[in-house]
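To start, the structure itself, in C-alpha cells.
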Amino acid sequence: MNIGFIGLGIMGSPMAANLLKAGFAVTGYDVSAERVRRLAELGGKGASGVVDAVAGADVVVTMLPDSPQVEEVAPLVVEYGKPNLLYVDMSTIKPETSREVARKAAAVGVRAVDAPVSGGERGAVDGTLSIMVGGAPEDVEAARPVLERLGTTIVHVGPAGAGQTVKAANQLVVGGIYGLVSEAIVLLEASGVDPAAGLDVLAGGLAGSRILDLKRHTMVKREFAPGFRIDLHHKDMGIALAAARAAGVSLPLTGQVAQLVAAARAQGHGSLDHSALLKVIERLNAA
Amino acid sequence: MNIGFIGLGIMGSPMAANLLKAGFAVTGYDVSAERVRRLAELGGKGASGVVDAVAGADVVVTMLPDSPQVEEVAPLVVEYGKPNLLYVDMSTIKPETSREVARKAAAVGVRAVDAPVSGGERGAVDGTLSIMVGGAPEDVEAARPVLERLGTTIVHVGPAGAGQTVKAANQLVVGGIYGLVSEAIVLLEASGVDPAAGLDVLAGGLAGSRILDLKRHTMVKREFAPGFRIDLHHKDMGIALAAARAAGVSLPLTGQVAQLVAAARAQGHGSLDHSALLKVIERLNAA
Amino acid sequence: MNIGFIGLGIMGSPMAANLLKAGFAVTGYDVSAERVRRLAELGGKGASGVVDAVAGADVVVTMLPDSPQVEEVAPLVVEYGKPNLLYVDMSTIKPETSREVARKAAAVGVRAVDAPVSGGERGAVDGTLSIMVGGAPEDVEAARPVLERLGTTIVHVGPAGAGQTVKAANQLVVGGIYGLVSEAIVLLEASGVDPAAGLDVLAGGLAGSRILDLKRHTMVKREFAPGFRIDLHHKDMGIALAAARAAGVSLPLTGQVAQLVAAARAQGHGSLDHSALLKVIERLNAA
Amino acid sequence: MNIGFIGLGIMGSPMAANLLKAGFAVTGYDVSAERVRRLAELGGKGASGVVDAVAGADVVVTMLPDSPQVEEVAPLVVEYGKPNLLYVDMSTIKPETSREVARKAAAVGVRAVDAPVSGGERGAVDGTLSIMVGGAPEDVEAARPVLERLGTTIVHVGPAGAGQTVKAANQLVVGGIYGLVSEAIVLLEASGVDPAAGLDVLAGGLAGSRILDLKRHTMVKREFAPGFRIDLHHKDMGIALAAARAAGVSLPLTGQVAQLVAAARAQGHGSLDHSALLKVIERLNAA
C-alpha cells in the first residue's frame, strides 16, 4: 500500500518512520527540504510537493500545524488524489474545517476521516498515540491498519469532525485540570502547607488525575520543560471555543481556561510545557 | 483507651462503629437521641451531652457538619477535657477555625489536630477514608492508632489547619473537574458525538481522572443519586474561598466553580450527587 | 459625488437614505432585490450587483453583517473600484479583516478606512450614530463629509483596523455591564429588596451608566424587545475574543461575558434585546 | 437631640463634624483617643467608651470598618441604649449581620436601621453622600433628619439589611466596570490604538458610565492615588459574595471580579485606588 505523508514535523516525522518500519511504501513531503531528506534516509521517498506526494497514493496522511495549513493542503489532496483515495487528516484543527474537508472530498469520491491524536512526541515515536477518529464507519475501518501502526488506542467516535470535537473536549479538560492544580498549589503554599504532601493526598483520592500522577512533582519544583507547549495548547483552546461556538453552546469554565492559557502566552511562556499555567496563577498572586 | 465521639451522622456513625470494632471504649453523643441509642446497641456508651462525652476521655473525636457547630462544641471539649487530652476534629471546616481551636486548646494544655477526610459514606463504613492531618508531629503520631481504624491513607500535611487547607484544595479540584467534564459532555452531545465513546478516549489519556473513571457512565446517563451531595460541596466551596481569602490569594477558576456549584443548589439539586453540576451546564444551554 | 452603497439592511437602508437626503448620488446594492427597489423609490439608483454599484463610484460604503460577507465583497470593491477610490467599510467585523482589506486595497491604490458604528437602528435613522474610524489621517478626512451625514460623533481612533478594535472594546464593556446589572437585579430580588429602588440608587452614584439610565426600568419589568439583538452581540463578542487573540492579550472578564451571551443565544433569546442577558442569570438561579 | 457617634475614622470624623455643624449635640467615641480629642475641639463631647457614648443618646450612629467591629459594638448599643433608641449603623457590612442586629435590637425595643453610604471621603466632608437605608418605614423616617445632614440622596430601599444589599450590588457593579474598562484599555493598547481616543468614544455611547467619565484619564495615565482603596473594595466583594450566598444565588461575574480584586491586593496594591484593577489585567499580559 502506498502512503502519501504530508507534514514531517516533531509529530509527523516519527509517525512516518513508524509506517515505514511497518512495511508501507511512504512518500513524504514537508515545506522543509531537510525533513524530506531525513525521511528518504529512512527508506521513504521524498516528494517535491503536495501534489507529488498525493499522486499514486492509496492513502494520504496529513499532520499539519493548524486549520489554515489544512485548508491549503486539503484541496490539493482532494483534487489530485486517485479515485476512492482514503484521506486521513491527523492534524488538530477546528471540527468545522474537518467537516468541510469531508464534504468536499465526498463530492469527488475521496473518503476523508479526521484522526487527531494525543500522547505527544513520546507517543508518536513509540507508536502509542491515542487516536480519535471521525468519519464513515467503513472509511474508519479502512484506515485502521494504518492507524494501528501509529497508536495503541484507536476509537471511532462519530461522523466527520467527531475526532476533532473529542480532541477539543480533551484539551479543555486538560487545560482546566492544569489550572485547578495550579490554584491548589498556590493555596497550599500561601497557607504554609507543603504542596508535595498535599498533592500526594489529592492524587490518591477523588481529585486524582493523570496530570497529578505525571506532573505534580515537576510543577511543585517549577520544572516546565516541554512536553506539550503552551503555544499549542493556546491554539487548541481557540479550537475548543470555536467548536463550542459552532455547536451553539456556552462553556463558562472553558472560556476562563482559554484566557488563562492566553495569559501564559502573553507572559512569554509559549515554549514551556502547558503545566506552566502555574506561572500565571502564581504571578496573579505575587507582590 | 477511652474515646469520646461527638457527631454520629452519616459519616460519624460508621466511624464510631469502626472504633468500637477495633476494641476502643467509645462514648458517643449526637443531638439526635436515636443516633446515640444506635451506638449504644453496637456496644458503645451513650452520653447525655458534649460534656458527658468528653469527661474521662483520653481522645475526643468530633465529626460535625460545619464551622458553627465546631465553634459551639470545641470550647466545651477544651474546657471539660482532661489534662493532656488529644482532640481530633474530623469535620470539614475553615482552616482558620481549626487554627483558632488549636490555639485555644494549646493554651490549656489540650492537644488539637484537624483531620478532615475524603472517601464519603462508603469510606467511612469500610474504614478506607483518606485522612489529611494538621497539627504538631507528636500529636499527629498520638492520633494515628485511632485514625488507622478509620482510614487507609493517613497523611500529616502540616501544622494546625493544614488538614483543612488540603481538604479545601481537594474540593476545589474535584468541583472543577466535574465542571470541566460537564462542559466536555455538553460540547460532545451538541456536536453530535456519542459522549460515552468520547469520554472513553479522554479517560485513557492525559485528561484522565478518578472522576472520569468512576462517574462518566452515570453522568452520561444523568444518574445523580448521591454520593456526596451538592449541598455539602457548596459548603466546601465556601470553605475554599474563605481559605483563599485568609491566605490572601486570588483563585480565578475556584471563584467560578463556586458560582456553578451555587447555581446547582439554587436550581434545587442540593440533594443530588455533586456530579449533577452537569445539570447546570446543560441548563445553561437548553432552549 | 457618486456613492456606491452595498448592504441595505436595517442599518444600511436608513443610512443610504440619509446620504440621498444630503444630496449625494447613491447607487445601492443588496442581495435582496426588494431592498434595492426601495432605495430606488427614495431617489437612489439600483445596482444589479456589487460590481455595478462600485463602477463609477467616488466613494464606496459597505454595511454588511459579518467578516465573511466583507471578505467576499471587499475584493470586488478593490478590483473594480476606480483609481483612488475611497472605500469606507462600516460593518462590524474583526480588526484583522479590516487590516487585511486595507493592505490589499493600498496595493492597488484604493484608500480603505474602517468605520463601524454604534447607536443602533435609531441612530441610523436619525443620523446620530457614533462612528469609530480607523485609517490614514488624510483618508479619514476625505471620508468625513460622508460620515457627517450619518453620525454626530466621528472619531479618528488610529490606523486601519483601529475603528474595529474600538468597536470591539465598546461591545465587551456593554455586554459586561448588562451582565453586572443582571447580577445586581438577581441579588436584590433574591434578598427581598425592590430592584427598581435599588437600581435608582446605583444609577445615581459611581455604579451609574448609560445602560442603567436607559434600561433599568425595562430590565426590571422583563421587557426585552430589541433594540440590539443578542444574536448580534454574540457575533460581536466573538469579534472581541478574536481581536484579543490577534493582539495576544488575555481578557478574563470578556471571556466570561462571551459565554454568558452564548448562553442567551443557546436558550433561544437570540432575537431579544441584549439586555436579555438578565434571563441567563435569572435562569441560573431558578428552581 | 443627642447623638452618640461611634467610629471617627476617615469617614466618621467628617460625618460627625457635619452633625455638629447642623446643631446636634454629638458625643463621640473611637478606639483612637486622638480622634476623640479632635471631635471635642469641634464642639462635640468625647466619650470614654461605647457605653458612655450610648448613654443618654436619642440616636446612635456607628461608622465602623467591618462586620466584626459591628458585632462587637452593636450588642453594647442595644443593651445600654435608652428605651426606643434609634440606632443607625452606617458601616458597610454583610446584610445578614444587619438583619441580625435589627432582630436583637427589636427584641429589646431598640429601632435599628442600616444605612451604608457611597461617595467616599469627599462625600463625607461635603455632606453629599448617597445613603441606602434598610429598616421599618417609620424608623427610616425618624432617621431622615439626621441622614439629611450627611447626604444628598437618601433612599429607603427595603427592610432591615436592604441598605447593605443595595450597597453590595453597587460595589459588585463598580468593581466589574473597573475590570471591563481595564480590559478595554489593555486591548486597545495591545492593538496599537490610542486608549484615550478609544475611551472617549466609549464614554459617549452605550458603554458610557460614571467610571469612564471620572476615571478614564487617570487610568490611561496610570494614576492610582485613592480615592477608594483596593483593600476596602476587597472587603466589599467579600460582602457581595456573602450576600449572594445568604440569598442562595449564583453570580458568575461577581465571583470573577472578586478574584481579580483579590489579585490586586495580593500584588500589593491594597492602598491604591480601586481603578488600579487595571494593574492586574495589565500584569496578566506583561512579558
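Order as written gives the chain letters A, B, C and D; numbering starts at 1 within each chain.
The working rule: contacts are C-beta pairs under 8 Å (C-beta built on N, C-alpha and C of every residue); 3 or more make two chains touch, one makes a residue touch a chain.
Owing to the predicted nature of the structure, the values given are computational and were not obtained by experimental measurement.
Asks: Where each step is a move between two chains that touch, what is the least number of such steps from subunit A to subunit C?
Replies: 1
Asks: Going by the stated contact rule, which chains contact subunit C and subunit D alike?
Replies: A, B
Asks: Centre to centre, using CA atoms, which chain is the farthest one from subunit C?
Replies: B
Asks: Measuring from the mean C-alpha position of subunit A to the mean C-alpha position of subunit D, what distance in angstrom results?
Replies: 51
Asks: Per the centroid of Cα atoms for each chain, what is the distance between subunit A and subunit B, given in Å?
Replies: Here the centre of subunit B sits 38 Å away from the centre of subunit A.
Asks: If a residue has to touch 2 or more other chains to count, which residues of subunit D qualify?
Replies: 244, 248-252, 254, 256, 260, 263, 266, 284-285, in rising order.
Asks: State the interface residues of subunit B toward subunit A in the complex, per the touch definition above.
Replies: Touch residues, subunit B against subunit A: 95, 118-119, 130, 132, 134, 153, 155-159, 161-162, 165-166, 168-174, 176-177, 179-181, 183-184, 186-188, 190-194, 197-198, 200-202, 204-211, 214, 240, 243-244, 246-254, 256-257, 260, 281, 284-285.
Asks: Quick one: which bits of subunit A touch subunit C in the complex? Just the residue numbers, please.
Replies: Going through subunit A, the ones touching subunit C are 238, 241, 244-245, 248-252, 254-256, 258-260, 262-263, 265-266.
Asks: Going by the contact rule at the top, pick out the subunit B residues touching subunit C in the complex.
Replies: On the subunit B side, the touching residues are 252, 256, 263, 266-268, 280, 283-287.
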